[in-house]
Amino acid sequence: KRQNPSTWKKILGFEDIFSVKVWRASMAELLGTAVLVFALDTIVISSIQTDTKTPNLVMSTLVAIIITILLIATFPISGGHINPLVSFAAALTGITSFTRAAIYILAQCVGGIFGALALEAVVTKKIAHNFSLGGCTLNVVVPGPDGPVEIGLGTRQALWLEIICSFVFLFASVWMAFDSRQAKALGRVTVCIVIGTVLGLLVFVSTTVTAQKGYAGAGLNPARCLGPALVRGGHLWDRHWVFWAGPAIACVAFALYTKLIPSQNLHTIK
Amino acid sequence: KRQNPSTWKKILGFEDIFSVKVWRASMAELLGTAVLVFALDTIVISSIQTDTKTPNLVMSTLVAIIITILLIATFPISGGHINPLVSFAAALTGITSFTRAAIYILAQCVGGIFGALALEAVVTKKIAHNFSLGGCTLNVVVPGPDGPVEIGLGTRQALWLEIICSFVFLFASVWMAFDSRQAKALGRVTVCIVIGTVLGLLVFVSTTVTAQKGYAGAGLNPARCLGPALVRGGHLWDRHWVFWAGPAIACVAFALYTKLIPSQNLHTIK
Amino acid sequence: KRQNPSTWKKILGFEDIFSVKVWRASMAELLGTAVLVFALDTIVISSIQTDTKTPNLVMSTLVAIIITILLIATFPISGGHINPLVSFAAALTGITSFTRAAIYILAQCVGGIFGALALEAVVTKKIAHNFSLGGCTLNVVVPGPDGPVEIGLGTRQALWLEIICSFVFLFASVWMAFDSRQAKALGRVTVCIVIGTVLGLLVFVSTTVTAQKGYAGAGLNPARCLGPALVRGGHLWDRHWVFWAGPAIACVAFALYTKLIPSQNLHTIK
Amino acid sequence: KRQNPSTWKKILGFEDIFSVKVWRASMAELLGTAVLVFALDTIVISSIQTDTKTPNLVMSTLVAIIITILLIATFPISGGHINPLVSFAAALTGITSFTRAAIYILAQCVGGIFGALALEAVVTKKIAHNFSLGGCTLNVVVPGPDGPVEIGLGTRQALWLEIICSFVFLFASVWMAFDSRQAKALGRVTVCIVIGTVLGLLVFVSTTVTAQKGYAGAGLNPARCLGPALVRGGHLWDRHWVFWAGPAIACVAFALYTKLIPSQNLHTIK
């Protein structure tokens, strides 16, 4: 089916720039992302500070809970993206216009900065140094026998991990929220719980599967990586593009998938 | 839109002073807060006394459960505030009149005192000394090599932690109870569980993230800080204003946010 | 009742080969199985890497969660098989045509290969070596006092375990999805949770009950065994037929059972 | 009220012997009990093999889950007894005829044997020796300073435990399935969850309360005790009658109770 100009106009949706509603909704995205970054990073720090043998399990469970709750809180206002990955995927699959997605992503990035600033205001210097303010890192410089050496994940491996984890996230959870057939049948709370749970699982898997010191797990949310990088700088900028390129590639692959599968229900429980 | 005098009258709601209903409802707030203070503090003491490596996790889970239950219990009578922070936010966002909020806050403070007295009646002297009766503390005096020294959190850091945690609390959970669109879709029990869970998470995060001895975590409820301070006095009064100023600032920021976001539903699952 | 030629035509369903819908739906099966293989194997690796005394319990819980979610995600598109075992059983019991089942199984096998490739892209060499990329193994070669020795499960025992576990899986969970009486009464989410839970339980039981080093638990999904075997080769091909023969025998037994039991409701809650 | 001959005919229901439907339904009972015995015993073995300090808790939770699922799976076909205790109680309270109950009990005993055989096929010799194939034991022979001694539970204590646990099971859970008022109000899934949970609890309580080595907990299902006893023999036959007499006595007591209580609804939530 050929798409006529009016369809393109709708897809791009330039008139959203002048929509007060969209800008107001982006406030929820901004604050939602700020709270997300603050909550995620304090959870990570707290879990590792706690004297438990399984900090990753504790961390993942709490991440699943807080994301579920934030999605429920922001959903009725802005649609509950609080993640550039979701906004971009929503634009590619035609859920929102590209203009609205751009405004949301901008708001999410500003929110990420606010979250990182809030974090810096409350933690002590020592913790801030040890944890890089919860930023997305691929490697770390440690003292070695012949002076400081850099250990961490290779670029290729990190990019693949980012692409695959982002795709799993989109395929296994975001899809349920985008597909009206699913969203309706499952209900809002179930969808938010599924998304939160999948993200929690991915955090658990990506932090332990590489077993590589210096790698802080898959980013899965470029806004949460950008904030700490801007606030703290330094080696957080090192190969920062991976956390943007990976999700972007996953979004394109996911959009292709949604175009390929039949849009009519094949199986229904009548 | 300009608000006429009758609107202002409704917002202030002076006639609530003479409403027997409001005073009766405040009884639920008083007893609810008393039970909350008693339960919270016994949970904190029990968790730390328990020989577990992860007292913070145990404490947070129990806090989440008890707050959920108390909210479900008091909701149909008074609206389930049992926290001056919630009452003040409810007044600022127009859910209740300022007069009713003031009566509730008064009741909550009296309840906090009763809770602290109840606690003093049941714990042994030794425990009462070690735990400051569950009060909100920023620092502690410990013996040092050159005489007793005071260690704890700086005022700026403590205030920021109080503001940010209060805002996260309001943004991620109380909002669901205040927004009729959300409250209706989610149901009362889900809302209470979300509020309890967020508070539990904040307790976990704020007690571990600073990793600072002497700091007992974010207050998040001025009434529960006032009670022990009045009953025990001493260093519990030290910078006590932080536990009132922080939540108040967060309430104002939250009220601004609720004014900014669009009040119509942008996203709905039809 | 004698089945006339038109019934046989329907059962075989050769026209499904030319159905674009079926091939598109098989895309969901392909990607679903790829995500499943990737998720399952990272979960197994993460659980064993985690410093916990009960890795099997952690693993089983996470497996139950991820399978539940993937089933919910793929159900409305392709019917949510993502397992040759389920597709074959669906064909035998008349839920889908044999042609569609064959297309699905092909897609699942390709998906399994993709999942294994994705896994190889993200894990380090050391982990890939230790875990055989999550493949289905029956034995392992370990260094012994008189040179390397092979330890593991006998063929007979492994085949029985595969047959029995597959039958338990079909009998206790898949049946609920196939029987329209059940599926309707229980609802889609409950059915998916039950299937996920039973698989999680079988993973727990089959990995611990033999207490035999080298045996990685019941396969229960030939596609997830084929992928790693093709990608890594080596001893993963050793007695690989067991992981195909076991489920196939269980499917035939299950189909016989469904023919034997009365198709009318005997007990209903009116 | 005097019962006339036709009522007696209905209660005994000899015509059920020639009902193909009943014999077909008994297939579900047979396979259900086989799966139950296999699942229960592998769960017990797995839980004890797992290096956890609380095997009883793990075991009880998994038992509750698997029984719930098996009941949901067999309910619409045969009524979901998979336990001679339930079939006998159903006959005594008039839910099914005595003939049908007898056919079911026969099927369950055959199923129990199949389950025990399946178990023997998959476990290694060492585990089979240690765990008596999950049979119901009252005592165990251990090496002592003066030759092997027998330790375990006294007959009187074991019988009382069997009677009381069976009665609690019938009173607290099976009753909900039998009473149409209850079953309707609660729904099928809730009833199955309650029955599974009560059985899980009883397993936990009966295995820990005696703290007696050699006693494997209350049987609560004669069919699951008979299977391993027939397959393995030996000391599993020792005082085997207790596992039949206890439930039988409890059934009679329960039937008397159901006759005593008023059959009209006293309290209903309309």
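In this document, chain identifiers A, B, C and D correspond to the written order of the chains, with residue numbering beginning at 1 in each.
The rule is short, and it goes like this: contacts are C-beta pairs under 8 Å (C-beta built on N, C-alpha and C of every residue); 3 or more make two chains touch, one makes a residue touch a chain.
Predicted model, so just to flag it, every value in this text is computed and none were measured.
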item: Inter-copy rotation, chain A to chain C, in degrees (Cα atoms; steps of 5); value: 70
item: Where chain A and chain B are represented by their mean Cα positions, the distance between them in whole Å; value: 30
item: Euclidean distance of C-alpha centroids - chain A vs chain D, Å; value: 49
item: Chain contact graph, described as a line, ring, star, complete graph or other shape; value: line
item: Pairs of chains found to touch, sorted by chain label; value: A-B, A-C, C-D
item: Footprint of chain C on chain A - complex, ascending; value: 53-54, 56-57, 156-157, 160-161, 164, 167-168, 171-173, 175-176, 179, 181-182, 185-186, 190, 194, 197-198, 201, 204-206, 208-212, 257, 260-262, 264-270
item: Chain B-facing residues of chain A, complex; value: 20-21, 24-25, 27-28, 31-32, 35, 38-39, 42-43, 45-46, 49-52, 58, 62, 65-66, 69-70, 72-73, 75-80, 118, 121-124, 126-127, 180, 183-184, 187-189
